[in-house]
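Okay, so chain A shows up in both of these, paired with chain B first and chain C after.
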Partner chain A sequence: MTTATLKSRFGAFTRHGVAVSYALLVVLIVVAVILNPAFASWANVKAQLQIATFIGIIAIGQTLVILTGQIDLSVPWNLTFSSILMATLYGEGYGFAVAVGAALLVGIGVGLVNAIGVAVFRLHSLVWTLGMNALLEGATMVYTNGQPPDSTIPGFVRFLAVGNLGGLPVAPLVWAVLAAVTILVLARSRFGRFLYATGNNEPALFLSGVATRRVHVGAFVASGVCAVLAGILLTGYASQTYLGMGNDYLLVPIAAVIIGGTNIMGGAGGYVGTIAGTLIVVLLQSILSIAQIGQAGKNITFGLIIIALVLLYAREARPTD
Partner chain B sequence: MYALMSGRIGSRWEVAQGRDEPREETSMQRRQFIKSVAGGVAATAVSGLMGRRAFAADKCIMPWASDTPMVKREAKSGPFKIALSNSYIGNTWRTEMVQIAKAYTERDDVKPMIASFQATSSGNEVSAQIAQMNQMILSGVDAIILNAASPTGLNSVVDQAVDAGILVVSFDNVVTTENAVLVNEDQYSMGKQWADFIVDKTGGKGNILVVRGVAGTFVDQERTRAANDVFGKHPEIKTTEIYGNWDDGTAQKVTANALASGTKFDGVWSQGGDTGVVRAFQQAGMDIPPIAGEAENGFRKLASELKFPMLSIGQSPALSALSIKVALDILQGKETPRSVSAPLPTATTDTLKSGENFFPDLPDSFFTPISIPVCGLDFDVNQILKQKV
Partner chain C sequence: MRPGTDKAPLEEGRPLLDARGISKSFGGVHALEAADFSCRAGEIHALLGANGAGKSTLVKVLSGVQRPDAGTITLAGETVQFSGPAEAAHHGVATVFQELSLFPHLTVAENIYVGHEPTGPLGQIDQRRMRSDVRALFDSLGVGHIAPGAHVSDLSLADRQLVEIFKALSKEPKLLILDEGTSALGRKEVQRLFDLLRKLKAAGTSVIFISHRMSEIREFVDRMTIFRNGRHVATVAAREASDAEIVEMMLGQRVERSFPERTEVSRDEPPLLELSGFSVGSDLADVSLSLRRGEVLGLAGLEGQGQGTLLLALFGAYRGVAGEALIDGRPVRLSSPKAAMESGIALIPEDRKTEGLVLPMSVRENITFSVLSRLGRFGFVSAARERAFVGRMMERLSVKAASMELPARSLSGGNQQKLVLAKWLETGADVFLFYDPTRGIDVGTKQAFYELIVGLTREGKGVILYSTETSELIGLCHRVAVMDGGRVALTLEGGNITEEEILAASLGVGRGRNAAGADMAEAAQ
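Right after this comes the complex of A and B.
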């Protein structure tokens, strides 16, 4: 593959993926408001953004990992284990910093182990991170003996999850800050460029003297930390931790990344598209609910949209020369 | 949360019996049933305990329907080797279920009947559970208590076990083979009682939020069918359906979503994730309407604190202990219905009692109905939590 085709693939994916996903988002918003004018109310916008925050933050990590051509399937139990650890430590009187610090260390540790499997043992992340997920599930069961403690949730965590700051909900603000950092890193930093390059052609990048292992470490650690952050916010939102609280957060964030135009094989896409993907996923659920479409109808609609977009993106990305 | 916990009743009986019919026939069944059980109990001659057992049996071990066949085996003398084959373990309900089973086999009046008890969880992989059951068959247990990963996938290994002379009692997620004895709660009846409560509290009119469980599961369909049958008779009731997946976090999100869309709800019929449902109302700053729901500790804690009208009925994790009890009865030659309809543990805001049917010091996700009193299955919460999973 020549540099020219690489460039054109890259460009096509970024431009068209983002444009298509934002166009779809606008259509969805219009449909929603026509179906129910109350959809445009501030209360509803806040509720939607609140729900989107959990998915959006996890999707940051997944975007970085997917750009390198990998995937992180350890999110559900990483999220659950670290949240339960945080709530337990805080309940035992260790204080906010220790509790949250320990949870973040779990996320970093999980990310490191994931990266070692992929970058050192050269195993595919599909298998390795799935194993990691099972391992963390077992660890959670041993740690809790099946009953997470009745935990008092740190006040600051509640504030982050459901608080308001000058009339604005805090959780979406947290997401906005993280999103801005992610977009900057991807567009402006060396690490960002290496992520794309790893997904496009890792051997070439390695031969040109880049420590590609560190790129994998960066992506997986970011994903591990994002899962922990989403878990902390989810704990504040639900005012509790429980076994299986992460189960909903495996495939939906990945779908958001794909709908946002990032190539599942890596190398092209970005977080700007993922934001649209996240909002599309959340709005779609909401609209189908308002329209009282049953779960089967929801699944079919979801599947059709993903298939249609992937086909569309693949066409757009076909090399022209 | 407990997406994988819930039961599925064998299709055979449910088709044959027409479960929509009112429960009047039950009292008749019960009389017939007492007669047949009384004979069986007399034959087993469990000295001393006999009177109490016969009394307990008439309300506890109820046949699923009037035409439920009875099973009777040649009486064996204990103690017996019992094995519990569980599939998924990663949620609170399953954990408690295993803990209660262990606590039951260690009880003073049960322990002499138990030569060994082992509980193993295989995960949701059907092939893994088949392998696990094969091990149990090889090790020559007397009875296998089964919470199945699939309603049909384990039928052949259950048949093999029965061929080898092993009694199989299937509960919660039950199997469809006629060779297994079934123990479960009637999900249709549960859904109907919830709906009757909401009709009663709302005067049969208004907007009702229907929070469903995991789409495509038997339990969700049965409970919702009952709700629609009841609500369908009241033209002034308008229902809005959402799916909470029996998970607090998911139920909270979809309820918040429904509330934000502007409808004012006069009642909620929810089959799980109810703690999240209440919290969504709280967070939206709305008054909490009458809610009929499952039996999570958080739901009952919030009802006790906020005093909204609540009906709470849940799938009891003590179904495992009831299944062991049924197995011990049958092994000792007692005639027993092949499909047992377990009592529905019920609480309302007025009957809530701290430390008895809800537990302020335990997590929201804890499942409260740990005891089935009419069956003599009373458990102390601390004793259960001490058990290793």
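Right after this comes the complex of A and C.
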């Protein structure tokens, strides 16, 4: 009896993968420090968090979208296009507010179009947002004539990306604030509640008198804006924009969401797990670098871990009755 | 009687199909209980029964779609056990189901020959031969207007049903089962179909025919078997029993149940809800109804005659709804469930598991979806106010759950249905739409639901209740609208609400003359 109760409680806890992903994170940290004690140095921790920030912010949007049972594949070129637009406008003398505002408008617009495809035309986001990504790539090529753009980076963007505030790096602080808001929204807001319900059973929510289209709009617009924010920070970090700067930010944030225990089919999970997932993917890449494993080996390890975790979560999520 | 028939295996009258003691239950509900059914070689045999009599389940068992829990099936003297539809087809059983199974993007000829296409010398599909064969077949059957090369998606529903039947016939079955396979056919087409079936019959093929159009059945079939509550009641020659006798056999002994007393409805006040000319595509045609405060209006009829469409359309779940709706005399736009909710309408939908509840989420979350904006501020939910609200609703409906944090999935069917109702109690709804709310729930909870429904009318709300249990309609409703083919066939009132009247109107047989008066009284109001 007691064992069964304990088991089911533990099951309920691990079902969302949060415990598993944090346990894995601790293991990875231990492994990394053993491999190279300098890993625990403040300088390295800061560097790791810096990289994690870009992934973590994009993963906010992906977490919301994946919770509704959808996915956003338009991130790479949404990020690239909006960053190049921001840098170009600023370079042409439009001022910080206009440049960043235009970039954010691109993100909102992309999110709206993505949501229209899913909520109005009832198309699967896998196809629709992939098309959106290709469209944005084309738009970027037209806008830049295919040449790497001249970039002038606003000072405030530089500060956000690589500045320090009271000895702490600013970018991870920005991430921390956004993460706190996300966790709060998911746990306590009406929108958060509707995200989970949409992912579990959209018709039932619709028949409860809830405007489910707006839920999709909220999730995709959030994802579009998160991609833009990450792009702005990445621009400040690299001190430039370049074609294909978003290419590495499609699958890694999605992997972070899944490793963090959010169900790829929607309806269960959350951002607390995604934070662990983000740190895991960043740490894993570092560890594999320290261990001097080549890119092929990195990819294989990465793939294996995702497959193993998805299998584990699927076993636990199976109904017991 | 047995020894005599055993000697002559091919003689007409020997059973081709003999099903004995077939039982099948779904989650504790017995769809078939030791049911017997037998059909001779070379006869057209109708299967009759009210909703839930077990006809469809029997068809599924006979065609290998479902395995019986118990019982034996003998086909042409051989005991068979079908592992699936393919094996049933191999034994010569072909079935045309209510839901069409054609590939819409393939041609008529391709659909008919799917799985056994004629091939040329290189194994390629011989399109030309396929089409000319189908052409010849159609011409001989008098359906030359269907082009073998036409895409099925371009055909009318009636033509699609014909193609479906020809597809089944192209397998040259020993036993053909038509489960409501003629519902879209006109009188002439049915006539032609039966001409064809008679030819097949002469060649020794048996046909089991399920239709709700009793007049058509009596004219064309040889014998009829009546089912009730999952059991065989009687098998009679088609011309042996009268319409009235058949209806009585379908109904059987009545189960008396106690219903709370109906609320007094004031005739002086204007109606709460008035619908005029409500239409949705071909599913709902020109429905006009009115509902008063305190009244329970029943919807009856065979399953799928537009009752569900009417309720969902009223709740704003369909696009392209024509007609007008007035609530308290004011026109309302029912463009979405949200709009319907804001106009004061609540829906308890057909399937609580897929439409009513988000099963993995908690009791608390399920009860508050519709009222969440009132339980907090600035888009956030106040945990304290939410818990207080949920506690109040659970007490009011006596929901039995150990905790409001349990997933809705873990509750019993009756308690789940209470959650669906609970979410609407404080949305300010005046019109409650119930789609068969007591289906699959235990007797005690059913009783509780009757009290709840009457309780709503006492508060001055109006209820539209669709139920597949006729006794509920008789016990609870002030008026009952019987639907047939998307229309209100007849509205019964007061003492005219009887099982015989409802069933007769559902089947479209010529009873219920006295109810026409009630219909006219309604129109005069």
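Throughout what follows, the second predicted complex is superposed on the first by the 304 of 321 C-alpha atoms of A that agree within 3 Å, B and C clash if a C-alpha of one lies under 4 Å from a C-alpha of the other, contacts with A are read in each partner's own complex, and residues count from 1 in each chain.
Criterion: a contact is a pair of C-beta atoms (placed from the backbone, for glycine too) under 8 Å apart; a residue touches a chain by one contact, two chains touch by 3 or more.
Just so you know, these numbers come straight off a predicted model, no measurement behind them.
Partners chain B and chain C fit side by side in the overlay (superposition on chain A). Here chain B and chain C are compared by how many residues of chain A each touches, and B touches more.
In the superposition on chain A, A:Q240 makes contact with chain B only, while chain C stays out of contact range.
By the document's definition of touching, of the two partners only chain B reaches A:I51; chain C does not. In the superposition on chain A, A:H124 contacts neither chain B nor chain C. Touch criterion met: A:A268 reaches chain C, while chain B stays clear of it.
Vertex at the C-alpha centre of chain A, arms toward the centres of chain B and chain C: the angle is 120 degrees, rounded to a multiple of 10.
When the shared chain is aligned, chain C comes close enough to touch A:N200, but chain B does not.
In the superposed pair of complexes, A:F39 makes contact with chain B only, with no contact to chain C.
Of the two partner chains placed by the overlay, only chain B lies in contact with A:Q295; chain C stays clear of it.
Chain B and chain C never share a C-alpha pair closer than 27 Å once the two structures are laid over each other. Chain A meets chain B in the complex at residues 36, 38-39, 41, 43-44, 46-48, 50-51, 137, 140-141, 145-151, 162, 234, 237-245, 247-248, 285-286, 289-290, 292, 294-296, 299.
Listed in rising order, the residues of chain A touching chain C in the complex are 188-191, 193-194, 196-197, 200-201, 203-211, 267-268.
Those residues of chain C whose C-beta lies close enough to touch chain A in the complex are 315, 317, 336-338, 340-342, 347, 349, 354-361, 365, 369-370, 372-373, 376, 379-381, 383, 423, 427. The touching residues of chain B, when paired with chain A in their complex, are 1-3, 89-92, 94-96, 98-99, 212, 215-216, 240-243, 245, 247-250, 252-254, 256-262, 275-276, 279, 283-284, 298, 361-366, 385, 388-389.
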